Each structure stands twice: as C-alpha cells, then as structure tokens.
Amino acid sequence: MAKPVVEKRYKLSEQVYLWELIKGMGLTWKHFIFNVKASFRPEPHTIPTCWQYPEDRRPIAPNFRGAHMLMLDEEGREKCVGCGMCAKICPANCITVENAKVPEGEEAKYAGKTYSKTFTIDWLRCIFCGFCEEVCPKGAMMLGPEYELARYTPEECLADKSMLLANFHKAKQEGKLRPPREPVPVVGAAAKPGEEKPAASADEKAVTSAAKPKVAVKAKPKAAE
Amino acid sequence: MINHDDYVKINIGPSHPAMHGTLRVVAYTDGETVVSADPEIGYLHRGVEKLGEHLSYHQFIPITDRLNYCSAICNNVSYEMAVEKLLGVSAPEKAQLVRVIMMELARIADHQVCVGILGVDLGAFTPFFYLIIQREEIYEIFEHYNGARLTNTFGRIGGVEADLPKDFEQRWKKLKEGIARANEETDKLLTHNRIWMDRTIGVTTFSAEDALAWGFTGPCLRACGVKRDLRKDEPYSVYDRFDFEVPVGKYGDVFDRYMVRMREMEESVKIIDQAFKLYKDMPADAPLMAKVPKTIKPPAGEVYSAIESPNGELGFFIKSDGSDKPYRIKIRPPCYMVYQAFPEMVKGEMIADLIACLSSLNVIAGELDR
Amino acid sequence: MNDLIIALIKVVFIWVWVLLIAVVMTWVERRGAAMIQDRPGPNRAGPFGLLQPLADGIKLFTKEDIIPAKAKKLLFILGPILFSLPAFSAYAVVPFGDKIVLGGKEIILQVADVNIGFLYIVALGSMAVYGIVVGGWASNNKYSILGGLRATAQLISYEVPWGLALLAIVLVYGTFSLREIALAQQGTFLGILPNWGVFKQPLGFILFIVAAYAEANRVPFDLPEAESEIVSGYHTEYGSMRLGVYLFGEYVNLCTLSALIVTFFFGAWHLPYINMASFLGPISYGIASFLVFFLKVSFFLWLFVWVRWTVPRFRYDQVMGLGWKALIPLGLLNLFLTALAIQLTA
C-alpha cells in the first residue's frame, strides 16, 4: 500500500500566503458591498437569494407536488369514483379508499355512478411521488400547491376527504389550480387505450395520439454490454 | 494489529458536525495522528433492496430517490435503464436527451454540494454559499420539470414523464453563467490559497493500482489518474454523441479529487449545451415514452446495468422471475467501494485530514447503507 | 480621594465600553458573515437585527446550566472566568485616547500608565491559555481535551513571534510604556509617511498581526475550537452563560488585540498629517482622540471578521510549522535588522 508521494511545487505568489489571501479578501469584499447595498432596498426580500419566509414566499412551480386535492368538475361534482387505483399504485401504501354506490338523491354531488365513501391519505407515510395523480383515470386527484404540512398530532396528519376537498377549494380560490398533467407522446401512433402507461386517461389519449409523426427510434447500446 | 490500549479512542459520529449524514468512524489516535480508523456503517439502513422485492417495478422508482439524495435523478435513470434492459425496450431519443440533460444537472448539483462541504469541513465557509445558491437554481429547474426538488421521481420505465419546461432555455442560460461564476469564485478563494493547498495536496494520496484493486469508480478513481468514465468507455443512453473531456488527477489526494470535481462541472455544462442543441432539433411532439405495458412483467432473467453517477459507477442488478415484482434487486453504490478503503487512506494522517478525506470521497449515507 | 474616583470612573467606563464593543461584535460577525455569503443574516430582532445580541444573551442566561456528571466541578466553573479575566484586564494599560481637561484637571485617557505596561500585556496574553486548557481538561471530554492541548501548543508557540515583534517595537521607541509609544507616533516619518509604527516596522506588523490571530483563536488559527474536526473543542461541554462567557471573552480578546495593534503600529489616536490638538479645545480633543482611536480599532475588528470568512483553517502541524519555521526566524531577523538600523542611525 505504497502511497504516492506528491511533489509540492508552489508558485511564489502561493508560497507567501498573503497575496492569495488579499485576492480572496477582495472577492469577499465585493460580495459584502453588493449585499450591503442590496439590504438597503425596501423590505422584504432584500438580498436576491434569500426569502424572508413567513412574509415573503418563494413562488412555487405550477406543477409543484404538494398536499393532495380531490378535484371537482365544472358542475361542482366530485370526480372520484372510488376505483382505488391510487391506493394500489401508492409505493408508500398511504391511501385508503372505500367505495360505494352513489346513494339515491345525491347524484348531483358525484360525477360517477360510484363514489369514494371514505378517502384517507396518511401524510406521515406519503412521499409525494405523484403516482396517484398520474394513475387516476378520472383526473380526480391532484397534488396541489400547499406545502406547509406540519401538524401538532399524528391524527391531524391523516387527511380525510373533507380536508382534501378543502385543499381543492383553497387552491381554486387562490387561483393556483393548474391544468392536469399532459400525457407524453408514446412511440407508435396507433397505441390503443389501455396499452399505454397509466399516465393518460382514455379520452385525452385520443387527442394526443392523433397527430404523431413517426420518428425512428435508435436503440442505444446499454452500458454494461 | 495495534494495541488499542496504547491509544486514545475517539468516536467520530454518528452525530458530529463533519459526518455527512449518519456515518461513524471509530478512530484510535496517537496525539493528533490517526493510528487506525474503522468506519461503522448501517445507521441509515432502510432495507431498500428488500423493499424492492415487495413493490412493483414502477413503485420502486421513488425509493431510488432516497439512495444518493444529492443526485436523485441519476439513481432514477440508472434503475429505469436496468428495467428497460430487462424488458428489451429502449427509451425514445428525445427522452434520452431529456434524461441526459437532467442527469448532468444533477451531477453539477452533486459536485457543488461535495466541493462546498469539503470547503466547510476545512474551515472555509463562504464558497459553500456561493455554490449552493447555484444549486438552488438547478433545483428550480427540477421543480418546474415535475414538481419536486430533492426526491424527483424522475422518469418512468420506458421514457420520461414530461417534456422539459418551456422556460428551460432561458433558465439554463442564466444558470450557466451562475455556475461559471460560482466555480470561478470558489477557485479564487480556494485553489491557489496556500492554506488550502497545504491542507489538500498530498493528503490521503492513493495510487492507481490500489484504487483499482479496491474497486474505486468515479471522481475518486479519476483523481488517482485512471481515465475511466462509463460515459466515455461504455457509452449508455446517447452519451456517445457528445464531445467532452474526462478530467483526471495524478496522486489521488484530496486536492486532485477536488479539482476533478471542479473540472467535471465544466464538462457537464458542455454536455448539457450539446444535448440541448440536439433536443431543440427534435420535433415538438416526438415521443417521450416507449411502448411499455401497463403492468410491467419482464421475462424471467437477470440484468445488470450501470451508469456513471456523480460518485461513480451506480449499478442495478435485477433478477426477475416473470412476475410483476422483481425477485431481487441489488444496488451497487459507488460510495460503498470507496469507503472500504477509507481506513487505509487515513492511516498515519491527522484527525483534520480524516475529515478532509471523508468529505472529498463524498460518502453519502443514504447510498452507502441503502 | 479625587484621583481614586477618577480612576474608578475610568475603569467602569472602559469596562462598559469594551463590553459594548464585544456585544456589537457578535452582531457584526454574524451580519458581516451573512453579507459576505450572500444572505441577510439575523434581521428580525430590532432594526437591522441590532438587538440580536440581546436576544442571544437572554437565551443563554435562561438556559439550563449543565455541569457534566464526570466533570471536575471547580475547574469547570473556573474555566470561563480564567479565560475572560485576562482579556478584560489587559485594557488597564491601553491608552484609549490622549487626555481630556475637565474642570481644570487634566485626565489622561488610560486606566493606569504603568511604565512596564508592555510586560503586563505579554504576561496577560499568556494567561488566557489557562482558561482554555482548564476548561478543556475539566470537561472530561476527548474533543475538549484535544482542543485544550491544541490551544496550549498554539498559544505558547505564537507567544514567541508575538514577543519578538513587540521587542522590535521596544527597540524603536526605547520605552516599555504604551502611552509613550503612542505619543511618539505623532508627526511624519521620512518626511512623507505618517510617523506610525507600521512604517517603521512593516515586517514586525505582519508578524504581530499573524500572531494576534493565533492568540485570538480566529480562523485560520481556530484549531482549539475547529468545529468540523473536534466539534467545538474546549467548550464542547459548556452551555448556557458559561458558554456565553467563553464566546464573549473571545470578542473582548479581539478588542484588546485590535487596540494593541492600533497602539503599536497605527499611531494610536493620531490622525495622519493632522495635529488635532492644535485646533481643538481641550474637551473636544479628548473626545476626538478617543473616537479616532476606536475608529481604527473597529477597522481591525472588522478585519478579524473579514479574514475569518475568506480563508480555510490550518492543520495542527502546519500551524506549528508556520510558527516555529517561519515566524520565529523572521521575528529574530526583524529584531536584528531593527537593532542594526538603530545602531547605525544613532
């Protein structure tokens, strides 16, 4: 285990410590002056890289994966049909759905023939991967812009249906609702519904797969071969 | 074998300001000189490989985020490519380009963190902030891509789940300048500073033969003077189309590892530029996803696929028994091999060098312990 | 009797003033570091976060005072006191202004004009290490003892170049009294330069300031408390106000060292080319000399902060190497050259 011996060859400017030190101090001084000037700008958010958190919030990306929302359609009906696809795909196993037939006289509240009687997401388990949103055939689930999810007790972290709906209403009020994620174009224009990735719901697929040019896909050699 | 009673036992970690994550080193010292240092691992063991056996192929993607959390995207892509190889499909060209762009961004972010933390551990706090501000911009791009910053869950088996954000070009232009500036400033503050040079040059040197014998990969191997980069030597994805250099060091000391990482960031910027140029030439609605069945049931068999992650060769071995869940997943993390040699590297050096060595190896507990 | 009261007032005044500077320094350090590092720093407590030191003080005072079970109790308590006392006491001989005439009585702005003030300072400088070593040893913690050991070796090594640089100053001015050294720096040197120590002793100044950084345990010589290596070094086990006293003592130390640098090398209260005494009244001259002195001190205080956030930390053996292989030979050379120059010009 002979360790290589390094020949140290320093230039004179490196040898004397002070020269490079002064150069470095020039650099830090530049930053200092810039930031001191910046800090006299009107509050908040004086220094460009820092956000004064509770008052001054970073604008999050439109497709941010935050707290879940249960979506309503334009007529205010719940989109969720309680199929349980999201519960099945969830890697963290944090979604519990119980579905039931829509009771008589409440058809105006639900878009489908069935609905989710209970819908619970355990935010203590959730890893916010967004698979539930991707897999949902009705577009009933969406990860919203809310990211302040700290609670005092574990019970409060169990998001039930009312909380998920409240999230939706809040996001809608604040105008933070985004259009659903667009499914990406898939190789082979004639993809039949159902054969595709779970990302797209059936009706949207027809639109995206219609105008799809044939692009030769070169198979790339894999690394370990 | 040393007589441990003759020396002072110093327990560094698992909670110590300089231990990245939850590493622990039991060091025996003679004054300030380290006589032996035994790393103890497993404080962050979450049973990732076993978890994989209970999850479907898709569900394992978010789990791979939690390996090397500094560059989650590389883990994701590595795993996806392994499954694609098992399935015998290949992601479309445009998806490959998106992957390359995102992976190189992740590589820059990882190296920035590593270099920044190395500075912090050697007492230079300021470059860390200059670098981390640029990493923030990279995370902004990630966030605009699919909504997550750290644990991206990037890509799907057979492609990627979204196109690059529309404002990518504009952001990348700004980011490129930022990265160049941050690197230049770090260079100014550290590289030629005598204190920094004394602290890093010739510290924990490692010869190329030893490095190969211990199974080093990535920047740590290249710092020893071995020009091996999977992107060049065994090009996967579309890396064979890009023109970039593989920076190598000479002595495998802390300084060389630092320089290799600094240079690699510049090369990554070049790769992203070229990849983005190719990407722009693609039609807007070119496919981003190969045709893969909804439920992935690969044929029985086994596969190993590796990519050059920021830390080195990150490989996934997957054995399938034909069901919808992998029979066995084995992850080859680059840190593990590098960390094995840690006792050899720091023997006879000083306590301060032990810290410097550990930072420059960029051992990430999430990847090490899995 | 009257003299005693005046002396008492001076003691209390300078004590409070130094404490105030140390308090403000905690703010300057944090805020300055933040500005250098592109972040705002503490800006919540009061305007520009100026009340942050107060908040810190309240926090430290109200925290539980823990003495580790296996610590040596008496020494553990003694550690911070031993550390901060010499730092405060050194101010006794530092002239912080020229003189002020109040009610027909001339008062010199110095607590005690001791004719061996010089030796007093050197003696107290060596005392400061006891606080660190005692604290480190009493904590019964391996990190602490390592910090304490590092401090011992480092402070003793750097005492030598420090002393050598000071000796050259003594040769130049021919006196041990700080006041006389300060007074001797008026006027011009070689016709164009201000008559400051730094121009007569440029090498001595560099030696002195490097040694001062080492004495104050500041980056790049902050080995006794190297955070990433030995957690917090000698004050790892300290909490609440005992820790506060350590941190505070460090800033008082900085203040003392800056005052010494100004006194020896930067003309104390003299402005270059301007003789303030010639056009200012007796009271305003006293105040002006005091302000000028502390303006210079504040620059060096800022320099301590500025350097800290620019450079990395030395390694233990490199610190020793720099001290013994570079600074001490240079110090001796400087002493020799100074003696030679004085001999030739005399």
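For clarity, chains are labelled A, B and C in written order, and residue numbers in each chain start from 1.
The definition used in the following text is that a residue touches a chain if its C-beta (ideal position, glycine included) is under 8 Å from a C-beta of that chain, and two chains touch if they have at least 3 such contacts.
Here the structure is a predicted model, which is why all the values come from computation and not from measurement.
Colleague: Specify the chain with the shortest distance from its C-alpha centroid to the centroid of every protein C-alpha atom present.
Modeller: B
Colleague: By raw count of C-beta pairs in contact, what's the busiest chain pair here?
Modeller: A-B
Colleague: So which chain is the furthest away from chain A, centre to centre on CA atoms?
Modeller: Relative to chain A, the chain whose C-alpha centre sits farthest away is C.
Colleague: Need the CA-centroid distance for the pair chain B / chain C, whole Å please.
Modeller: Each chain's C-alpha centroid was found; their separation is 45 Å.
Colleague: For chain A versus chain B, what separation do you get between their C-alpha means, in angstrom?
Modeller: It comes to 23 Å between the two C-alpha centres.
Colleague: Roughly how far is chain A from chain C, going centre to centre by Cα mean, in whole Å?
Modeller: 53
Colleague: If you look at chain C, which of its residues touch at least two other chains?
Modeller: 36-39, 309-311
Colleague: Of all residues in chain B, which are in touch with two or more distinct other chains?
Modeller: 126, 133, 189, 193, 195
Colleague: Can you list the chain A residues in contact with two or more other chains?
Modeller: In chain A, residues 21, 24, 27-28, 49 touch at least two other chains, as defined above.
Colleague: Quick one: which bits of chain A touch chain B in the complex? Just the residue numbers, please.
Modeller: Touching chain B: residues 1-6, 8, 10-11, 13-17, 20-21, 23-24, 27-28, 49, 60-65, 89-92, 127-131, 134, 143, 181-182, 184-188, 191, 194-199, 211-213, 215, 217-225 of chain A.
Colleague: Could you pull out which chain C residues touch chain B in their complex?
Modeller: Its residues touching chain B are 33, 36-39, 142-143, 146, 219-220, 222, 226-231, 309-318.
Colleague: Which chain B residues qualify as touching chain A in the complex?
Modeller: That would be residues 55, 58-63, 81, 85, 90, 92-94, 96, 126, 133, 136, 140, 143-144, 146-148, 151, 153, 156, 158-163, 185, 188-189, 192-195, 197, 201-202, 205-207, 210, 230, 234-238, 250-253, 282-283, 285-294, 304-307, 315, 344 of chain B.
Colleague: Across the complex, what residues on chain B touch chain C?
Modeller: Spelled out, the residues of chain B in touch with chain C are 8-11, 16-18, 32, 119-126, 129-130, 133, 189-190, 193, 195-196, 198-199, 350-353, 355.
Colleague: Spell out the residues on chain C that touch chain A in their complex, using ranges where they run on.
Modeller: It is residues 32, 34-40, 43, 48, 206, 306-307, 309-311 of chain C that touch chain A.
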